[in-house]
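There's a structure below that I have some questions on.
Each chain carries a letter (A, B, C, D and E) given by its place in the written order, and its residues are counted from 1.
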Amino acid sequence: MQDFIEINFGPQHPSTHGVLRLKAKLDGEIVKEIEPVIGYLHRNAEKLCEMTFYADNLVYFDRMDYVASMLMESGYLEAAEKILNIVPPERVLWIRVIMNELSRIASHLVWAGAFGLDLGMLTPFFYCFAERDKVLEVFTEICGSRQETNYMSIGGVYQDITPGIVDHIEAFLESFPKRLEEIYKIFVGNDVFISRNKGIGVMSREVAIDYGVTGPMLRASGVNYDVRKAEPYLVYDKLNFEVPVSYKGDNLARFLVRFEEMRQSVHILKQAIRKIPDGPFFNPKAKKSMMIRLRGDGEYYARTESSKGEFGVYIVADGGVKPYRVHVRSPTFKNLSVVQELAKDQMIADMVAILGSVDLVFGEVDR
Amino acid sequence: MTADDSGQPNRGKDGRTIFNVDRDKLLEFMKGMKEKGYDHLSLITGVDRKDFIEVVYHLHAVERNEYVVVKTTTNNGVVPSVTSLWSSAKWEEREQYDLMGIKFEGHENLKRIFLPESWVGHPLRKDYDLGNVQYINMDSDGEDYATFDEGDGW
Amino acid sequence: MKSGEPGALVTTLEKALTWGRSNSIWPLTMGLACCAIEMMGTQASQLDISRFGSEIFRNSPRQSDLMIVAGTVTKKMAPRLKRLYDEMPFPKYVIAMGVCVIQGGPYVHGYSVVLGVDRVVPVDVYVPGCPPTPEALTYGIMTLQKKIRGETDR
Amino acid sequence: MIEVKEPRRPIPIIGSLKGMLIVGKHLFRKPVTVQYPEVRQELPKRFRFRIFLNLDECVGCTLCEQVCPNGSIHMQSVERENPRNKRKIYPDVNFGTCTVCRNCEEICPTDAIYLTHVFETSRTRNSFTYSPEELAMNEDEVKK
Amino acid sequence: MSLYSTLLGFFSFLGYPLSNAAAYLFESIFLLLAASLSLVFMIYLFRKYMARVQLRIGPNRVGKFGLLQLIADVFKLVQKESLFPKNRDDLPYRIAPVMVIIGLMLAFAVIPYGSFFYFGSLTVSDTGVSVILLFAILSIMPIGEVLAGISSRNKYALLGALRAVAKDISFEIPMMISVLAIIMMASARTSAPLSIDSIVVTEVLPYGILQPIGISVFLVAMIARASYSPFDMGESDSELITGFSTEYSGMRFGMFYAGLFGSILLGSFVVSLFYLGGFNGPFSGDLGAVWLGIKALILVIISFTVWLSMPRIRIDKFVNFGWKYLLPLAMINLVISGALTLMTGW
């Protein structure tokens, strides 16, 4: 008869990236069983969305995946604009692509820094955040807010992108790849880092699909599936980029896929910033005084590729000024559910690394 | 939205094929879909239509990149569980049970996922009363319980 | 009071202790939601909170002086927050960062958010904003320092 | 689709030096820190934080009250001579819930309500409801 | 001429037994002061170095360049409430941090610091068996850490203590064996090979050059001894909160914190004495202590860089590494240095 140590990780624990509680049964150092308990950040966003105007709902979507709020906004607007029958002008689509990719870079940088902290590397965190701050400077310049941007509006964006901002983004794109490679080398140039991640938390392709895992985690398990390619939205079909895939399925593969994604994002940005057409930056049908009068009908499910995976927004409208039902398919919610499979019979240290590699953001898991 | 019991597809606003399936035939139909290669259950959601609840399943075949929507309706809030087909349904169904009050028959661990077990009502139902505030506190074992008593919890 | 009398010595000692307290505030890593990222931003190179001596983010509540409640406190989290606060040794301070913890913020009409963390723990400084920029949080910490020194009560 | 290449496994111990060297090299770079209270980073023009109200411009149309996502804005009656504001109602803002989303600024027909760069709004008391007169004041004056 | 005899001469007006006592007393005070000051300086240096490497500035509000930051920290820690967990094992819980700090201070007393102008040799206690004494004292600190972990009745602390034990037993034996190699080489030239002082004084070349394997094994062991990243399994911030010191607060925690930095400083002193020639160098008659200080400082900076850039190694991998690689390497080193001594007579 074996005795297990029962231990509660969290809800406030440095490795859980927020408010996750893990009920773990330990046999010495080995995790025999874990049960994630979520809901510590359940902020009833879906209920509140039913009580708020279409235009104002962006406030709640901003705060879902709070490290990549632009991606959330464009994901919501993909659905909301179809519900409201408003088509944004061409220029807006390009601006949104630029913002999406900048946001993706910021999100992955936060992840990389936090992943380093999980493994005990203190320094890369600061380099990642210094780079992220440069992205946020662009956001501040373009819309006036660092993190919860509330930049995109129905049928357009709130403020136009100016030549000065384009220069700023170009300067960032000039300096960023070099810094990215440096950060990359700090990680992979380290023997211990490789040994902590190679072959740890291996997720097979079948398990990944069965659990509904998407995004970089799925691609690291060898599935070439990216919503930007599979069902192009905005203007992703006019841009030239590659989807990074790895067949290893371990922590290291997820790390490499995310870094490659950042490089691809830079590649996309470089194209988009040159191709951005002239024109209005919002649809006059959705002008500002109409914000509280827009009515929608039908139901629509839009999926977009957020930095964590497939982000879906399902809106049911009943002809009123407020949505009837909003449901969010949050990628992290599903990616987290696979952790109890991956972390079984692993060491505590590996469990922490696996949790880190999932890229958890609780605003999105609990909503 | 009319309930079409024949299982014949129609198309929604988003251009995706919608199958309206009877609740009793759902599990059988889903088995057929899984065999057809729809290996990724993307989401399960419930829509409270006041007199009945609509349960929406989004299925996705990753290899072929095909996407279909399966809809079923229920009056008493009981729907067969699909956890035997897709593991991702485990948490999705718990979430829908928690917030929408749909009971999935055959789910082995149908507990609330976000709110404590003793929470009264299902918040995403249209008849949920927001004015009746509930509070949560933690007992000595570290488990939560919900209460209407303002002095007990937060 | 003349110097050399015990009163003067006590005052000087008290001043020194207050000086120490106000200049070495070790925060607890209490990241709950969105604001946690901005709190990390405050810790990061751009604004570098270590200049004020608040460098060491301790993970254990036993070793920290300041709890920066960064992000929405849900009803489910509130008992845990209270327990963490109780585990901190005196003298301890609390900064409520962001509007969610001040009065509920964007979720003020919801069912699962505590409308103000001051219902759970006593708060010293409120930093509004959603989320407050790192500068605003730094200003909040400076306000706290002033409060510890007894220079401000507003 | 591209397959990411796994990096070559570094030699034990010696392989770790590469990462260490890059970290060590940063000692000779300039810190990026902006020393906040003394040196202020120049805030972009569009930066938004505290709401201000131009009492003379406000027409009392209540649009801002309606558009506010979480009801941070309420209309208050203020005795004030303003021919354009017949009903004599002006918005007050509760900063305890304001999410700085600037929807009120966007919708305001007369640009009376606007967001500014003032972010030093911390207080030691939980009283953040700014009356219309206070909205027109500086932060220092409000604190008094 | 040593610090003791200088002080004895200074207090000679008191008469023999009194002057002896006064000299010892003042020597101890001097040691305590110097050790605590260097600890404070170490922590300050670490913070500044960490900040600069991370493109930050570091503490600069309190005093010029933030030099008084550590004083402020101490002032704060002193007035912090010291909490006691309810289910603690009272006596071990109380003495654990004291053991750590006493072990640290005692170890500083055994180290020969070399000579410095007027004061002569700064060594406090110069026995003929200082090597044995040093390593005996060094093994007090881990006991304190383990006691702390077990007595606080906290699962995280317990896990931390278990890890600390597993870590300690896997590096101590290779460390001892590599020191043995040095003693063996030194015994060819000195009649007192167990005294650190005579080992350093009589060396021909720094032992680090003669025993490249030895220095690497010893360095790894010293990093593990001080338990910072990559070998901070006992504390492991992101996994076990703060490991064995999770329940400690106030000054008791401050002692553990000081113990960590003290171990780094101590390790640097020991490595530079054994392997890098210690206080040997030009003008070592006057500047011996300075040379030792410079060598130790360089090692300290290297340790900080390792700390800041390395991820944490997994505990089972470290135990593996200790028994399967470090121990055989130390043995090989012992054989090689034995052969070298036999052949060349160094």
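Operating definition for what follows: contacts are C-beta pairs under 8 Å (C-beta built on N, C-alpha and C of every residue); 3 or more make two chains touch, one makes a residue touch a chain.
Predicted, not measured: the structure shown is a model, and the values here were computed from it.
Ranked by distance of CA centroids from subunit A, the top chain is E. Centroid distances built from C-alpha atoms place B farthest away from subunit C. Looking at A-E and A-D, the interface holding more C-beta pairs in contact is that of A-D. Centre-to-centre separation of subunit A and subunit C, using mean CA positions: 29 Å.
Here the spacing of subunit A and subunit B, counted between their Cα centres, is 24 Å. If you average the Cα atoms of subunit D and of subunit E, the two centres end up 49 Å apart. Subunit B and subunit D have centres, each the mean of its CA atoms, that are 38 Å apart. In subunit B, 114-115, 123 are the positions where the chain touches two or more neighbouring chains simultaneously. For subunit D, the set of residues that touch two or more other chains comprises 13, 16, 19-20, 22-23, 26, 31-33, 35, 69-70, 99-101. Within subunit C, the positions touching two or more other chains are listed as 45-46, 48, 51, 59, 76, 80, 106-107, 109-112, 130, 133.
Here the touching chains pair up as A-B, A-C, A-D, A-E, B-C, C-D, C-E, D-E.
On subunit A, the positions that touch subunit D within their shared complex are 52-53, 55-60, 123, 127, 130, 133, 137, 140-145, 148, 150, 153, 158-159, 182, 185-194, 198, 224, 242-248, 252-253, 256-257, 260, 288-289, 291-292. Of all residues in subunit D, those touching subunit E in their complex are 13, 16, 19-20, 22-24, 26-27, 29-33, 35. Of all the residues in subunit A, the ones that touch subunit E in their complex are 5, 7, 13-15, 26, 28-29, 116-123, 126-127, 130, 186, 190, 192-193, 195-196, 347-350, 352. Interface of subunit C with subunit D (complex): residues 45-48, 51, 96, 99, 102-109, 116, 118, 123-130, 132-133, 135-136, 138-140, 142-143, 147, 152-154.
Subunit D meets subunit C in the complex at residues 31-37, 40-41, 49, 69-71, 94-101, 119-126, 128, 143.
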